[in-house]
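Starting off with a structure, shown below.
The letters A, B, C, D, E, F, G and H name the chains in turn, as written, and every chain counts its residues from 1.
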Amino acid sequence: MSAETKKVRLTLPENEVMSPGHLACQGCGASMAMRYALKALGRKTILSVPACCWAVIDGPFPYSAVGVPLQQSAFEAAAATASGITNALKSLGKDDITTLAWAGDGGTFDIGLQALSGAVERNENMIYVVYDNEAYMNTGIQRSSSTPHGAWTTTTPVKHYRKGQKKNIMEIIVAHHIPYCATANIAYPEDFIKKLQKAKSIKGAKFIHLFAPCPTGWKHGPDKTVKIARLATETNTFPIYEVENGVYKINKKIKNVKPVAEYLRAQGRFRHLPEDELEYIQSMVNKSYKRLEKLEAAFGESA
Amino acid sequence: MSAETKKVRLTLPENEVMSPGHLACQGCGASMAMRYALKALGRKTILSVPACCWAVIDGPFPYSAVGVPLQQSAFEAAAATASGITNALKSLGKDDITTLAWAGDGGTFDIGLQALSGAVERNENMIYVVYDNEAYMNTGIQRSSSTPHGAWTTTTPVKHYRKGQKKNIMEIIVAHHIPYCATANIAYPEDFIKKLQKAKSIKGAKFIHLFAPCPTGWKHGPDKTVKIARLATETNTFPIYEVENGVYKINKKIKNVKPVAEYLRAQGRFRHLPEDELEYIQSMVNKSYKRLEKLEAAFGESA
Amino acid sequence: MVEIRFHGRGGQGAVKASDVLAMAAFLEGKQVQSFPFFGVERRGAPVTAFTRISDDQIRIHCYIYDPDVLVILDPTLIGAVPLTDGLQPNGKIIINTQRKPEEFDFSGTENPSVYTVDCSSIALKHGLGSEAAPIVNTAILGAVAKATGLVGIDSIAESIMEKIPVKQEKNAEAARESFAQLMG
Amino acid sequence: MVEIRFHGRGGQGAVKASDVLAMAAFLEGKQVQSFPFFGVERRGAPVTAFTRISDDQIRIHCYIYDPDVLVILDPTLIGAVPLTDGLQPNGKIIINTQRKPEEFDFSGTENPSVYTVDCSSIALKHGLGSEAAPIVNTAILGAVAKATGLVGIDSIAESIMEKIPVKQEKNAEAARESFAQLMG
Amino acid sequence: MTKKDDQKPIVFEGASDMPPMSASQGSMSVNKTASWRSIRPIIHEEKCKSCMICWKFCPEPAIFPTSPPTINYDYCKGCGICIEECPFDAITSEKEGK
Amino acid sequence: MTKKDDQKPIVFEGASDMPPMSASQGSMSVNKTASWRSIRPIIHEEKCKSCMICWKFCPEPAIFPTSPPTINYDYCKGCGICIEECPFDAITSEKEGK
Amino acid sequence: MKRVLTGNYAAAYGATAAKVNVVAAYPITPQTTIVEILSEIVANGELNAEFIKVESEHSALAACIGAQSAGARTYTATSSQGLALMHELIHWTARARLPIVMTNVNRALGPGWSIWADATDSVSQRDTGWMQVYCENNQEVYDTTLMAYKISEHADILLPTLVNLDAFFLSHTSQVVDMIDQDRVDAFLPTYAPEYKLDIDNPRSFGSLTSPDHYYEFSYKMHKAHEAAKQIIPEVHAQFAKEFGREYGMTESYRCDDAEYLLVTYGTIAGTTMDAVDRMRDKGIKAGALKIRYFRPFPSEEVRSILKNAIKVGVIDRMISFGHEGAFFTETKAAMYGETVPLYGFIAGLGGRDVSIKDIESMVDKMQAEDPSNLIWIGVKE
Amino acid sequence: MKRVLTGNYAAAYGATAAKVNVVAAYPITPQTTIVEILSEIVANGELNAEFIKVESEHSALAACIGAQSAGARTYTATSSQGLALMHELIHWTARARLPIVMTNVNRALGPGWSIWADATDSVSQRDTGWMQVYCENNQEVYDTTLMAYKISEHADILLPTLVNLDAFFLSHTSQVVDMIDQDRVDAFLPTYAPEYKLDIDNPRSFGSLTSPDHYYEFSYKMHKAHEAAKQIIPEVHAQFAKEFGREYGMTESYRCDDAEYLLVTYGTIAGTTMDAVDRMRDKGIKAGALKIRYFRPFPSEEVRSILKNAIKVGVIDRMISFGHEGAFFTETKAAMYGETVPLYGFIAGLGGRDVSIKDIESMVDKMQAEDPSNLIWIGVKE
């Protein structure tokens, strides 16, 4: 860094708690995600991370890429491990530390769902972030229940591509009636950080569903990560909203909604889809966005 | 049975697939439940039953009380075991047999939730019935996440009675967007049976949340089981509704809704509650019923 | 070491009786052990429970096969289950019944002493249980204390105060009454 | 049994090369074994892979410590990693480089035969990979066939047709060209 | 010879005549639950309207759907639901004599 | 001496100087990921408006928030996100010479 | 203070005396009363701990792992299916070197469902790296629970301990238990203050990807910790005996010195065996009993030195490793390799089948009459 | 037809040849390619099966249990953490007497995370009642998978089989595999037609509450089934050899007859050991190798008869039962009880540490120089 360069106004906190040198692939959405999360929450944070890409990204023994304590957990146990951490902190009288469970979609939608459901039902004082890259990436791109309709993965080969909508984890967790649930997208880090900071200020269980593309698994250029992430929201495929004490609020209402095809065609994993499938996916996106609007109408601030 | 007695018109199917001699307590709601279920589904049914009272009610080796094949499963594995059964039937070309997973609230809301979530996400062709007696009864009345606010159990002693609403399993499963979800109540067997028959006619995953009081655990007379069950619905504590392909329908709209206190005061497990708690519970019941009405308004047939 | 076996029916409180007796002996400085026959208890079905009392540490951990004392809470069990199996020669049998000791025939056992007491009536008199289901488990312990001399009636009463959650006084009185009434 | 060790960088396809060579030998009726060094592969990091070829069943299942043949896909590795460790006396070293065999100094190894071939150029010529990252793993196998005589170039070509999913012809041609060009 | 049918108690000699796994084939109807009962429901024909609500709700089931209904006292556990639910007070409770 | 700070590679003699469990204390910044790069992003000062969007989105992070931003080529993996996201086309891509 | 307690209550009071910070447990017969009484104890404020009422045993142990890593002393209890469900995390706990103490009520595994005593559940965890103790009576349950914390937390050990008690035969059996005054417990077992924990001031990542270069040595260190435990356990036993007057060993011999027929066993059967030994001695048979308390680390040297002079030795297992033989028998044979004493393997009491004094006498009968055999099933109906 | 396949593909093609009806599996490194290729095989219609893409390994085995009970032949595959997560159901499968076949890729357990070879995962299942085989090469993986169905489904056995292969050393290593024509497979392995299954025409309840009166005898029957397996396995091996020309045993001896230094081991290390034996023989050392294929049922008699004439025997374990020693070593010692051959226990290759010919030679060096020892860690950095 040359001395003469001058500082500028930034839209994100400047502190970097995550260090470079980590093992994420080029253009990894999940690595951006952790950078933002630690900016938002700072060093008084303890991480609980199950098996997932991040279990590797953090680095091999004896190194780590996050400047905070991190507990690796069994694949299915992120939320339960975090429950233990947060209760220990409570029992030991340490009330200024944030417990952050950080898991992939596989560890959240599938094998870790029960521990998560139990933890939020007990309203454990923690933030749970699922970084959603829509498949098991750490083991080489196998289908998860977050894999969207139409996608190729190694266990849903082109001839048998994934049929059916991805599990709606937000609705599932919202159904637990916890203090705070939100979606976020690495393309909008300011929003993500604001939500984390809000979550930090609330006692009890907080859940954030974060959209984080994976260039390797989605088969797009590593430079396109942010662009594709943004397209997911601009096409209403992944709407940005929050549910605070049961009150719905769509945080980003897209004015000129783009066709889903634009999002799909940018990725190799959807390459094999015929036109009528694209139409079908468009209709499903419309339908579920409508559903969300209805929920906001029924349970929004003005309802 | 004396020869001169004559047959009468019955509101339930006459066939009895469940035999007497089973090991349920006097006045057990869950035993009534199975009787109805097998009336509805008949002998071409295979049961998957995890650890729960029914694992014992069926009887010790070498006896059984149900006239259909039954597979006991590990506590957490009812839905996964049933997935195996239904796929085996498919693979072996047996398409006229119903797979019925039958579990308690503990085995459904808690330890079996993940297997259930996975099975319905895969849209396995089965009916899953949770008979909800709001605690772990088989092991002697410990709290489950279905235990309602205010209730005593052996792990929520009177001094630390259960705080917080019971997990809303219906909303959670509805969030999986499966073909058919419904609530039912042993006090209304005709409705329960109709729903099972409807479920049987639908391909894919079907879920029924059945209210089934437990005199031993709820501390009421065994003769009061049906009465208390009925009160749960008459007070809107346990509304009867269904969600078919996302369309909400409240099947029983109570005209003269009774005060919740009437329901609570009939049971020993709520005896310790002070008046203001009763009021709080009433307000929560009102609130969640209102929520349901809004859902019906937003996602009902006429919406 | 003295070994006592209780026989009753599910719901009569045989297991509690074995516990209260053990506690009473403990209060007198004895080593004790009490435990039920481990089954899935069902109302009405025969139930067995056990108490061991000893001056020394009790190491054994199996069921009692050769008891010194039999306590029968429900006379309808006689004949229905092999109650007296293994009873030691000169063993004691204490029965809740209106009948007299002489009316019982325990041939096949070696020289037993039989004691009877109408605990059902005593229990009802003290408001313990209902006509259909009198609660006799505390009452009979008075008789056991008297017949065996293993523990004093005051210890039984004290143990009842510790172990029985409701109607403690009534239960203790019932025990004292059966202590007084014992026939044998 | 002949043991061959491949050295490359993540992304260059050293593992695939070891597989294709094994397959080629199999097509000639040999027993074979091929496997990577088992790590968390990262782009750009050094990668090792192994092939064993034998007339008899191959039982051994450890890494190759004393190879008969070394195949070096990336000349920048020379000096950076201890490539020649364990190379057998009179072993063969095949290098993808524009340089001549004489230009390399493998003192410390006993009498190696060094062969070089410019696979990067060959690959580019056949449209395999980009300037920055030519795909050289198939091209170099022609050279390996020639230098070692372990397998025929036709078997290499046939194996490429089986194992390489895209641009099969081009890859086969590249192999043939390096077979022709090998210096050493 | 399956659990669909009532049958006699099943007694095994030992391992040799047992199935390989815990596979229950007998009917629980061998288990007469009459002994659980401390009250006995009695249907009074004169009051009974044969509405069959008692039959509908008996958890065992221990009521036959005849007109009027018949109680199978081999199995009735005396829960009292039929008594409670009969809309015509046609069933009364008696203490069991035992 | 914790993972908060850059540090030298950690080398153990053997079991005796290792911690009892896999407890990582060093910083991954020992791991220079420059070698992963096949393209090199170059910031052109004249075009740069110091909007800091490149800094914001760099996943490593390998960009310092100076004005104009500075790229840390020890760590830049060459993903190209900064190039793609710069609204002013102020970053171009160069082939890595290696 | 002496009280008459069931084995389950003795366990719960042991954990209470250890002032655990976090409890996470899930009910299962016959462990249930541990969870219930602990709920009461916490509700009453007698123990100042967080009780996490988890949704499964898997989460129970995961929560303990999280809590212990964060510096809390934790406790959990389970049985049978619950223990089995934890298996992945049982391995995890040990490899994470977390000194968690868990009570396991030995119960048979299904199917068919069985709630009765059987040691298959815990013996199946023998390869996980936990220390394992088998208790004979309720006093031992209480004392062992306390000592387990001290031993597990020792800086040279840092390994979890599984304290086992037989279903019903201890869990639901009342016996006199002498409970230690809290101040004396506190002196014996100081506050938990681990060197390695989740600490924002000294942040570490725990459980990172570990290459073959390090994994092997971590395994070696765990092995060394078990070796160290073999030294430290007797020290803690000695300190406990000095403070509180009750003596324990990794094994306990009963009339072994001159014994000709020596029976090796564990859990409640050990108590019954000692009574049987007395009876046989009365009849002139020189019997003796060796109770194995610590199954991990396995006290091979101790076992060998005690058994080697017997004329015949029988090992009674309340489990069987199917396709082989009883596990304690196997390991006893392994410990005795090179000796020539005939060894007999007895299987008894599986699934709650009662093991009586007569059953034990029948074993010595068989040892007198027959050649050594690996598998003699006591009381089986064939 | 001969093909060059990885061990994982060999396993998947073995299951395909067995025409399984239902597959339920969950991905985990290094098993993943089994799941992937089976997805392809099913998608392509080469195998007419339902593939249940479950949400966890626990549900994978639960689904197999359900499917197998309903009369389907089923298959699953896993590794390490996944196997551990199944533990409760591993017990369950065996006690339910369901002849499920599972492939396990032997991988180390975390923490720290390790994806490399280590047999702790499967050896930890030794008390569950499953049969266990350890494979040395890919042909063996394929053949063993096929034979496992035949053996498991035998009416006198009805026990599940775990087929193990070492992470990467087999799972990701390509070798020549001779695949059998489908019609010949079908003749060897007929359609699955179990007597006990979920059947609406003969309804049974499976897994009912089982009192001590019956549980003990069910356990005994399982034990007897393992005994029967020891007879039937060699028969199936013989039939396989007759049909397809490849010979297998429960153990396999290599140059054991006149061997003075005998090394006992399993998995890929066995192959390397045989090459090391040749090398040592060339140097004039009379070495031999005994490969144990079947760990359950454990072929005690066979092991004993082969080893008893050696001068010294070493057992190489790629796992350690912490607080004790290597499991194969323990069980070998137990099998050898009464013999006097000095026995050495070697630990090697944990967490993927490579085991080379030199490592193996170093063991014989140690055996020549030292007294017997239970635990010699090969190549540990202390």
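By our rule, contacts are C-beta pairs under 8 Å (C-beta built on N, C-alpha and C of every residue); 3 or more make two chains touch, one makes a residue touch a chain.
Here the structure is a predicted model, which is why all the values come from computation and not from measurement.
With steps allowed only between chains in touch, the distance from chain B over to chain H comes to 1. When chain centres are set by their Cα atoms, the one at the greatest distance from chain B is D. When every chain is reduced to the mean of its CA atoms, the largest separation from chain A belongs to C. Note: centroid distance chain A to chain F, computed from Cα atoms, is 23 Å. Computed from the mean C-alpha positions, the centre of chain D lies at a distance of 80 Å from the centre of chain E.
The mean-CA centres of chain A and chain G are about 43 angstrom from one another, to the nearest whole unit.
If you average the Cα atoms of chain C and of chain H, the two centres end up 56 Å apart.
Shown for chain H are the residues that touch two or more other chains, namely 53, 55-56, 81, 85, 88, 92, 95-96, 110-113, 116, 203-211, 214, 217-218, 220, 352, 354, 380-382. Those residues of chain C in touch with two or more other chains are numbered 40, 42-43. Annotation for chain F: residues touching 2 or more other chains are 3-4, 12, 14-15, 21-25, 36.
By the touch criterion stated above, chain A contacts chain H in their complex at residues 51, 55-56, 61, 72, 74-76, 109-111, 113, 136, 138-140, 142-143, 145, 154-157, 159-160. The touching residues of chain C, when paired with chain G in their complex, are 19, 22-23, 26, 31-36, 38, 40, 57-63, 65. Within the complex formed with chain E, the chain C residues making contact are 42-45, 76, 131-133.
By the touch rule above, chain E contacts chain B in their complex via residues 3-4, 6, 10, 12, 19, 22-33, 36, 50, 52, 55-57, 59-62, 64-68, 70, 72, 74-75, 77-81, 83-85.
Here chain A touches chain F in the complex through residues 1-2, 5-12, 14, 16, 18-24, 26-29, 31-32, 35, 43, 58-67, 189, 215, 221-227, going by the rule given at the top.
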